[in-house]
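There are two complexes below, and they share chain A, which is joined by chain B in the first and by chain C in the second.
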Partner chain A sequence: MVGLTLVALPVFLLGWLIVYPILSAVLETVFPAGENGARALSLASYRFFFSDPYSLANLQVTLWTTLVCGVLLILVGLPIALYLRFSQGRFAAYVQAMAIFPMFVPSIILSYALIRTIGPNGTVDLILNALGLPKLPTPYLTPWGPVIGLVWDNLPLTVLMLTAGLGQISNASVEAARDVGAGPFRVFLAVILPRMANSLLVTASFAVLGIFSAFTLPYVLGPAAPEMMGPFMDRTFSDNNDPLNALTQAVISFGFCLVFGLFYVRSIARNQEGRP
Partner chain B sequence: MSAIPHRPVSSAAPRIAKPFDWAGLVFAILLTLVIAVPLLVVATWAFTEVWRYPSLVPQKFGLRFWSQTLSRADVWEALFLSLRLTAVVTALSAVICLPAAYAFARLKFPGRNLLFLSFLASHAFPKFGLLVAIAGIFLHLGLISTFWGVVLIQLVGTLMLMIWVPVAAFQAVDRRMEEAARDAGAGPLRVFWSITLPQAGPTIAAAVLLTFVGTFYETEGAWLIGAPQVRTMPVLMISFINNQLVVQYGAVLSVMLWLPSFLALIFARRIVGTGAFARGFGA
Partner chain C sequence: MARLTIKGVSKSFGTGFAVNDVSLDVEDGELVCLLGPSGSGKSTLLRMIGGFERPSAGEILIDAKDVTRLPPERRPTGMVFQSHALWTHWNVFDNIAFGLRLRRRPRAEIRERVEQALAMVGLADYGQRMTTQLSGGQQQRVALARSLVLEPKILLLDEPFASLDQHLRERLREEVKDIQSRLGITTLFVTHGQDEALALADRIVVMRDGVMEQVAPPDVIYRAPRTEFVASFIGSMNFIRVTVEEGIGRHEDLTLPVPVADGPAVLGIRPEALSLTPSERPRAGRVHRSIDFGTHKLVDIDLLDGTRMKAMMPPETQVPRGLRVELGVSAFHVFRDGAQVYQAGARGSETERRVSHA
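So, the complex of A and B:
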């Protein structure tokens, strides 16, 4: 009984500020209040979203950004994690520190840094110019701006989670494969990859959940139109003062992330089973 | 002749030659370019007075923009508001979550595992969508653009860290020492105060510090619920970017505000290093 009393307050907050808003968002958009305040079943706001070219363009750029970031994160994070897991080289500590560093850089400071670095007349331009090379088109205010920012921002968690996943693979199994003559690629494909499939999927799910509704980086670094779901929801809610459509967009985001959310929950549940 | 003694170039004992860590060198160089350079650029801008394209280095260094930034009233207002907000959120979060973390770690009660899991599961939703859903609730309650509205929305974001990390800390405490103290006649409060807390303390302190820093930089909830009336430091920085004010203002603020984050980095190394975070996120 003491235990339940101690956890009552955070559980109440969880119910009031997470569970209830989600249920309420679904109810308010499926049963919107009419002119006279009476609620009736109507999917009009969803029909609007899926027939409005601008909303669909925003959804599309969000899906594109999420996919590209997810792939880039795995492509960049996996080699770093593999290196950290299997190398005792002299640079390992430095590589780890650098890969985790972005965790301690708030995204607003990162936005500033990236604007000055890859923005118009930024450092990259300065260096290209000094080398006598032509300017590259800046990714700032294009869909690639948020991609660069989000990959930067999500790299530490990706590397940490993949390294944790690789930690569960025993040295013995890798050495056994090497002893029978398997090269590095063969070891990776036949021994490592199957054993870390789960942690790869968790890492990807977590990245997707974070990126799909990212706000600050797409808002600051991305184009004004089409915009990602985060800035889109913000503008619909605040600037357009249109909570019904903002909530509809939120519920649609929940829907698209549902699979990844379920996968994440299943994985943490499995992790918890072995604990006291 | 020279006062500097010659060092032996290598020890005489035969060593197994280790191959040079080429992969590590490549990763180190690439990560430095990608991670460190943008931050160094901002730091340079903060101490720059004139930097015209296409010069590689600033034409004039100086502290002029520090005094200009620090003489802006909106900067000080935002700073004090942020500090007040962060202190309130962190204190509330600690008061609410730490007893719960102890209960989750040590006490048996019905539904314990399910409830604990549900805190982790709150991360299974896309965050900004969740914030919009909360904002929908706050709209009915009149909490939009209020101090306490921002406190509540930031409080939600701290729950998981403030429960997950302390639970691990309480679970790591040596139970035998507690039993020994109890055998020696110490009451439960005395055991908690003298045995449990000192062992779990450093990790909990790190969790509190991380919560403080994380809340200080929390941008999305503050922007959605608070802006434009409740202007925290990150919200002010966004408006600096939007309004294309002098580059140096943002750079100065970035350098100034990054200091607390740096302290957190030093203190939090022990938590991050053990991979506790990664496990918390389900890896």
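So, the complex of A and C:
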């Protein structure tokens, strides 16, 4: 009874703020209100989304950004996490502090900081100019702008989760592998990687969920067209005053996130089963 | 089969030394136990031999080849860890086969050698089991097989039975001793259990605060400890403070011939070297309790100055609580400033008991 009381409030909030809006959005898009206010089954808004080249381009750029960010986050975060896991001393503490720092920077501040850094006439341009080097094409207002921002923004969580996953691998099991003749790379491939597959999956799921539904960074740093789903939904709702299509975009976005979420849930369930 | 030479090896962490100027020769096929309390540097020394710690000074040679700067994967050593350190994502066979696969041995040879190793540790049919399905003792056997299958020149065991219960520990250490004798493999065994060291070792290295206190065969360590620390760490030892005057060590309950310079000294007496006789003397020691171990009785005696002595008696001895007793001593050690300065009473030669009356 005490347990149920403890979970009652979170379950209520989950139902009220998450489950109800989802069901409501699905129902409103599948049974849209007609001109006379009557509701009838219609998949017209979905048909429009999947036949509209602009909507599809937005979905495509969102998936591309998510995939590229996910890969980059693992590629950047894993070496940092490995270093933090197997290193000691003051320098490792500094690296950890630097890796976690972006967590404390609001997205909007980060966005404008990146504009001043990698944008036109930003710090990078100024340095290149001072060195007598030619200008580089700026990633600002290209799909790479949000990618850089989102990787920077999601790196702390990725590093923290990967470090936690690596924490489950004992020093002794790594040393035992070296003892039987495995070099560092082989230890990573044969001992570390298989045993952190789960945490990689969970990390990737978390990162992907956050990136797919990102708003501020793609809005400020990304191109006007095609745009990621977050800004696209906002513009459809506010600028175009088209709540039905905005809701449809939201349901489709939720559908994709649900697939990534299922990876996470499956991984958690497998962890629970594996416990003695 | 190999000879291990450690020359002046030290390891410092910050300002302190975990291991300080240790030199040791381990002969071909010898089993040497590194024994000492926590923090004595025994595991650090073993890890330096295995290549997991880099010495701050000194050299480590295996068969006269300097391996001091080689990483673990390039040393001809095999280590068994206290925590088993098995790879839980593989089954028993794959755990043992990993080292052979790294050496690119043919598949048939790998199968044959893994099966031989499993048979050697008594787990012939366990190859396909996951390591998480094994008991602690079985896991430690797999860890041992994983090291042995590679036929290392030096086998290093870092408190391998510490997490096992007493019965299993005793059984496994006998098995390890048998396997080690059969293969004739040079072995270093770290333990903080004196019974383990006494049962297994050809020689024991007693360590304290990063230095070697004594290196000797188990019987010598037990019967001729060079320092007060070794005497107290190996087996049970009664210590009693005496004052030496003109070659006689005096205590209210004991007077013994101690041919050393005058001054305070500490007598070390093993429980089996003490005998008890009933006494009418009012200031004589009093029996506090008697514990029957089946093979013998251990009797605690409280002396008037607060010293508690332990005496090992035959199991049939009746010593009721509160009984006043006089102490007899058949052998003893004399320590001054922590070092032994005199030893008396070889086995069987009873030192005359003299009781001092106030």
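Throughout what follows, the second predicted complex is superposed on the first by the 249 of 276 C-alpha atoms of A that agree within 3 Å, B and C clash if a C-alpha of one lies under 4 Å from a C-alpha of the other, contacts with A are read in each partner's own complex, and residues count from 1 in each chain.
In the analysis below, a residue touches a chain if its C-beta (ideal position, glycine included) is under 8 Å from a C-beta of that chain, and two chains touch if they have at least 3 such contacts.
Computed from a predicted model, the values in this text were never measured in an experiment.
Note on chain A: of its two partners chain C and chain B, the one contacting more of its residues is B. Once the two complexes are overlaid on the shared chain, A:R178 sits against chain C while remaining clear of chain B. In the superposition on chain A, A:A224 makes contact with neither chain B nor chain C. Of the two partner chains, chain B is the only one that A:I109 touches; chain C does not reach it.
In the superposition on chain A, contact of A:S170 is made with chain C only, not with chain B.
In the superposed pair of complexes, A:L41 makes contact with neither chain B nor chain C.
Contacts of A:R186 after superposition: chain C is touched, whereas chain B is not reached. Across the two superposed structures, the residue set of chain A contacted by chain B and also by chain C is 276. Interface residues of chain C, counted against chain A in their complex, comprise 50-52, 71-73, 77-79, 81-89, 98-99, 102-103, 132, 143, 146-147, 150. Put simply, chain A touches chain B in their complex at residues 1-4, 6-7, 9-11, 13-14, 17-18, 20-22, 24-25, 28, 79-80, 83, 87, 89-92, 94-95, 98-118, 121-123, 125-127, 129-130, 152, 157, 160-165, 167, 199, 202-203, 206, 209-210, 212-216, 219-220, 229-230, 233-234, 237-238, 243, 246-247, 249-251, 253-254, 256-257, 260-262, 264-265, 267-269, 271-272, 276.
By the touch rule above, chain B contacts chain A in their complex via residues 21, 23-25, 27-28, 31-32, 34-39, 41-42, 45, 53-56, 96-97, 99-100, 102-104, 107-113, 115-130, 132-137, 139, 152-153, 155-156, 159, 163, 171, 217, 219-220, 223-224, 227, 234, 237-238, 241, 247, 250-251, 254, 257-258, 261-262, 264-265, 268, 272, 275, 277-279, 281-283.
Residues of chain A touching chain C in their complex: 170, 172-173, 175-183, 186, 190-191, 194-195, 276.
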